[in-house]
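Note sheet for the following structure.
Labels A, B, C and D are assigned to the chains in the order they are written; within every chain, residues are numbered from 1.
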Amino acid sequence: MPQSLDEIRYELALANRMLAHEGVLDAFGHVSVRHPDDQGRYLLSRSRAPELVEPSDILEFTLDSEPLMPPTARLYGERVIHGEIYKARPDVTAVCHHHAPAIMPYCVAGEDVVPIYHLGAVIGVKAPFWDQRHDFGDTNLLVIKPAEGASLAKALGPHWVVVMRRHGATVAGRNLREAVFRSVYSCRNAEYLTQAKSLGTPSPLNRTEAERAADYNLAPGPVGRAWEYWAMRLEKKGEAPPRAAKSAARGAARKSARPAARSKPSARGAKKAARKGRR
Amino acid sequence: MPQSLDEIRYELALANRMLAHEGVLDAFGHVSVRHPDDQGRYLLSRSRAPELVEPSDILEFTLDSEPLMPPTARLYGERVIHGEIYKARPDVTAVCHHHAPAIMPYCVAGEDVVPIYHLGAVIGVKAPFWDQRHDFGDTNLLVIKPAEGASLAKALGPHWVVVMRRHGATVAGRNLREAVFRSVYSCRNAEYLTQAKSLGTPSPLNRTEAERAADYNLAPGPVGRAWEYWAMRLEKKGEAPPRAAKSAARGAARKSARPAARSKPSARGAKKAARKGRR
Amino acid sequence: MPQSLDEIRYELALANRMLAHEGVLDAFGHVSVRHPDDQGRYLLSRSRAPELVEPSDILEFTLDSEPLMPPTARLYGERVIHGEIYKARPDVTAVCHHHAPAIMPYCVAGEDVVPIYHLGAVIGVKAPFWDQRHDFGDTNLLVIKPAEGASLAKALGPHWVVVMRRHGATVAGRNLREAVFRSVYSCRNAEYLTQAKSLGTPSPLNRTEAERAADYNLAPGPVGRAWEYWAMRLEKKGEAPPRAAKSAARGAARKSARPAARSKPSARGAKKAARKGRR
Amino acid sequence: MPQSLDEIRYELALANRMLAHEGVLDAFGHVSVRHPDDQGRYLLSRSRAPELVEPSDILEFTLDSEPLMPPTARLYGERVIHGEIYKARPDVTAVCHHHAPAIMPYCVAGEDVVPIYHLGAVIGVKAPFWDQRHDFGDTNLLVIKPAEGASLAKALGPHWVVVMRRHGATVAGRNLREAVFRSVYSCRNAEYLTQAKSLGTPSPLNRTEAERAADYNLAPGPVGRAWEYWAMRLEKKGEAPPRAAKSAARGAARKSARPAARSKPSARGAKKAARKGRR
């Protein structure tokens, strides 16, 4: 079911606001999605706090992170994070870069963020740690030059979360909802890990547990349930993104914004789902 | 004072939202109640985030966790938690399964959640720890098969709270309000325990303290007072569940949703209560 | 400037809601004030969560904690805390009993709550620890019998805050605003102390610091400034107590509820205050 | 682009409210700005909680912290903090004094607040610790006499943040937005440092990292983006300061309060900014 570009812009603005509302993003950080029709482009907001992003703020970039149109507004300096990961990882369709409070202590102390509970399994078996001093020596700690983005993408490797020394984290997903889900639950995992370390010596999920729990939790059921929840929390506060002005665009956007619609599949589908036992 | 099924559906939706609002549930977790007229059935929402549950989402299940009617919507995968506990514990009328931040560090570190203050006494003398590896080896950490639910119910035994390795907790109650009260205050207890451990070496309530304080706090007075409070907090934010459309149902629902009504007993009852000294 | 009983009822309802809103009280806990015209009576709400208390919920009690009028509603079981402290301490005009999250770890770990910063000085030089086992052995941990209240009052002695083993704290004040101010800032002090202990070995204020800082901060300027702030936060959220129906009462209540009025003294008074340098 | 005094009053009221909303200020603390036309004066609110400050509350003071006009309201007792820093530091145009929860444990434990991540670099290489006992022995811990303010200014020296024993912190900026940005992100830095210390042994940014990251983050792009975000958060909650009554003032204030306006520079400026790669 292909989505129109308007739908995708709306969902991306929604994802930005969700992640701000759930405590992953604040004034800084950003989320992008690969262009649905062109593997060589991606969509990202102009430079503004994620909580404020509107569909009309979303611009198109090449994988070299050059804007397709001459920009009429300031751009994020760290957009190479997105472009370089899309280059290195054809399987990645969405990227979130953040400095969430839950993760920062790990960026600073250099301790590993390891998955420790069923939903934390979405981190994957391992979240590598990127220390840009290895490639660049003393820097401003940011990721602005293409080479810096490429170094980060290399550190990410085949994984889904990379922790960045003294900076934050970058999270990838096979689709936008997965990237949002992984961003939120890797933060929750880090919070519980920090507290568990004050209580005892927690051990990470083993490979089997991590893979099986990730498979289960990244299925459309759990991811869609969380997406509906986060979307409704924004909606109830009047903080969902504004609809586009065009009536056609509005209809499309509304459709994609009503996640409840997809939680009522046909009776046949539901029975099958019930049998398969989606949580 | 028997409640109608409509009243019970309303209260169960309310309980879901309360527990979300008080920080026990998020996108995941669920609360159920046993059918008032049939010990062999229970009521539980279709699969959606607890904060969004409406009375019309509540479905009926057999104790084998099969839906009574062909479902037209996705179901929770972990509903066997509820069914198997109702099978094993005829005295249990309500069950809450959650992954509250307060409890997760204990699930992960494997430290015991012990009652340490008067309201924490509602946990009971002991909260057993369930490690599903004993029965099933490496899993996806969830509770989906009937055998998994039965293993959990066995671990719960005669207690009221069972902590689940790398997953969360499940809480039982003799009625819905008690299950909600126990869920909230076992979380508060865990939070204070975590902090107390950073300050010194807290010791748990002894058996006499735990039993006497639980008896006091689980009486209708304290439980009703907290229930009114949590309900009004939702009401003030416009987050109480919607009333059912049917006028009869609406009247019933309203009655059960106005806890203030029950906090103004007759003068005679009040005097007696005053003499007995309910806090 | 004597206040009418209606004004006092309004302020007491306001104090209950403030303390709930600032995180000191939740479903439980209560605040009282001594009767302005009769040292042998005090005012306290009927049993309900502090956030919900209305002026019309406020009842009168003797110092033996018996209601003056036959109650038409459930009463707090722990009201002897208030009565026995008023008996033992003629200088006390307001009492708050709470189980704030900031304090609970100290109730449980048995570590002393000591003042560690200028606003924390309002605790006083010492906050005694009450362990009811000394007088009563194993109990339900509550304070319901007059002898229990008297034992607590004795432990409080000439101090202003008493920490109660496995239960909470009780805070006294020379007036209602002082009791509220002390309740809030003793909690903040405890929070910072807990964190400071994780960083190093904090030492308490010495007697001179504690006394001088308390003198400064308990003056009408700082206390009134905080009172206005907490009242306006409730007002902005629409959570201030409802006005009484009687027009006379309403006028009085409005006057006492507009703290801004008192923060604009005459030019002469202000100049004097400016010279004295109230923060 | 010089601002009118009305604009500055509006921005200062906004800054007060922002810092309250972002958790830096509560009932206490204050922000000031130097007079735009007279290096020998500064602007500061009358004594009230920062969250409540309105443009009409802003008064003018000499660098000896005397009000220019006879005050008609109570004044902050600690205004010498501002005056003495403006005297000692001609490069400073804005000052914030606060007791943020993030900083207090450091004031109490005496541990250094060191920059540990890219945004924390705005603290500067070093945040000195001021212990007023060295100059004054046992005090009420406040900063009320000119000599106390001068001692604090001396401790600040050429730095931007000074941590005050058992009291709080004072933050300086080359302009108001920088002072606000530094106040917020020095608090975030302290929070992450506290948690990182519980995980391991975090090391501070080295001088090169601290200087380069501060240069980047204190540029108009990042500071403006955060300012827009904090302003919109207030706006969405209806908590922005009221506009002045005068129509001229209103126009001016609106202009300065709509940060979105400045985030849409001309296409030419934007393209240049894009090339320079502001994050």
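The definition used in the following text is that a contact is a pair of C-beta atoms (placed from the backbone, for glycine too) under 8 Å apart; a residue touches a chain by one contact, two chains touch by 3 or more.
In this text the structure is predicted, and so the values were computed from the model without any measurement.
**Q** At the chain A/chain B interface, shared numbers over all numbers used: above half (same) or below half (different)?
**A** different
**Q** Would you mind pulling out the distance in Å between where the CA atoms of chain A average out and where those of chain C do?
**A** 46
**Q** Using the average of all C-alpha atoms in each chain as its centre, how far is it in Å between chain C and chain D?
**A** Once rounded, the distance between the two centres reads 32 Å.
**Q** Residues touching two or more other chains, restricted to chain C: which are they?
**A** 197-198 - these are the residues of chain C that touch more than one other chain.
**Q** Between the chains shown, work out who touches whom and classify the graph as line, ring, star, complete or other.
**A** Here the contact pattern is a ring, one closed loop where every chain has two partners.
**Q** Judged by the touch rule stated earlier, which pairs of chains are there in contact?
**A** A-B, A-D, B-C, C-D
**Q** Contact residues on chain B for chain A in the complex?
**A** Residues 26-28, 46-49, 51-52, 67, 70-78, 99, 101, 104-111, 138-142, 144, 166-168, 194, 197-198, 238-239 of chain B touch chain A in their complex.
**Q** Going by the contact rule set out above, which residues of chain A touch chain B in the complex?
**A** Residue list for chain A touching chain B: 116-119, 121, 188, 191-193, 195-202, 205-206, 208-209, 212-213, 215-216, 221-222, 225-226, 228-230, 232-233, 236, 263-265, 267, 270-271, 273-274, 277-279.
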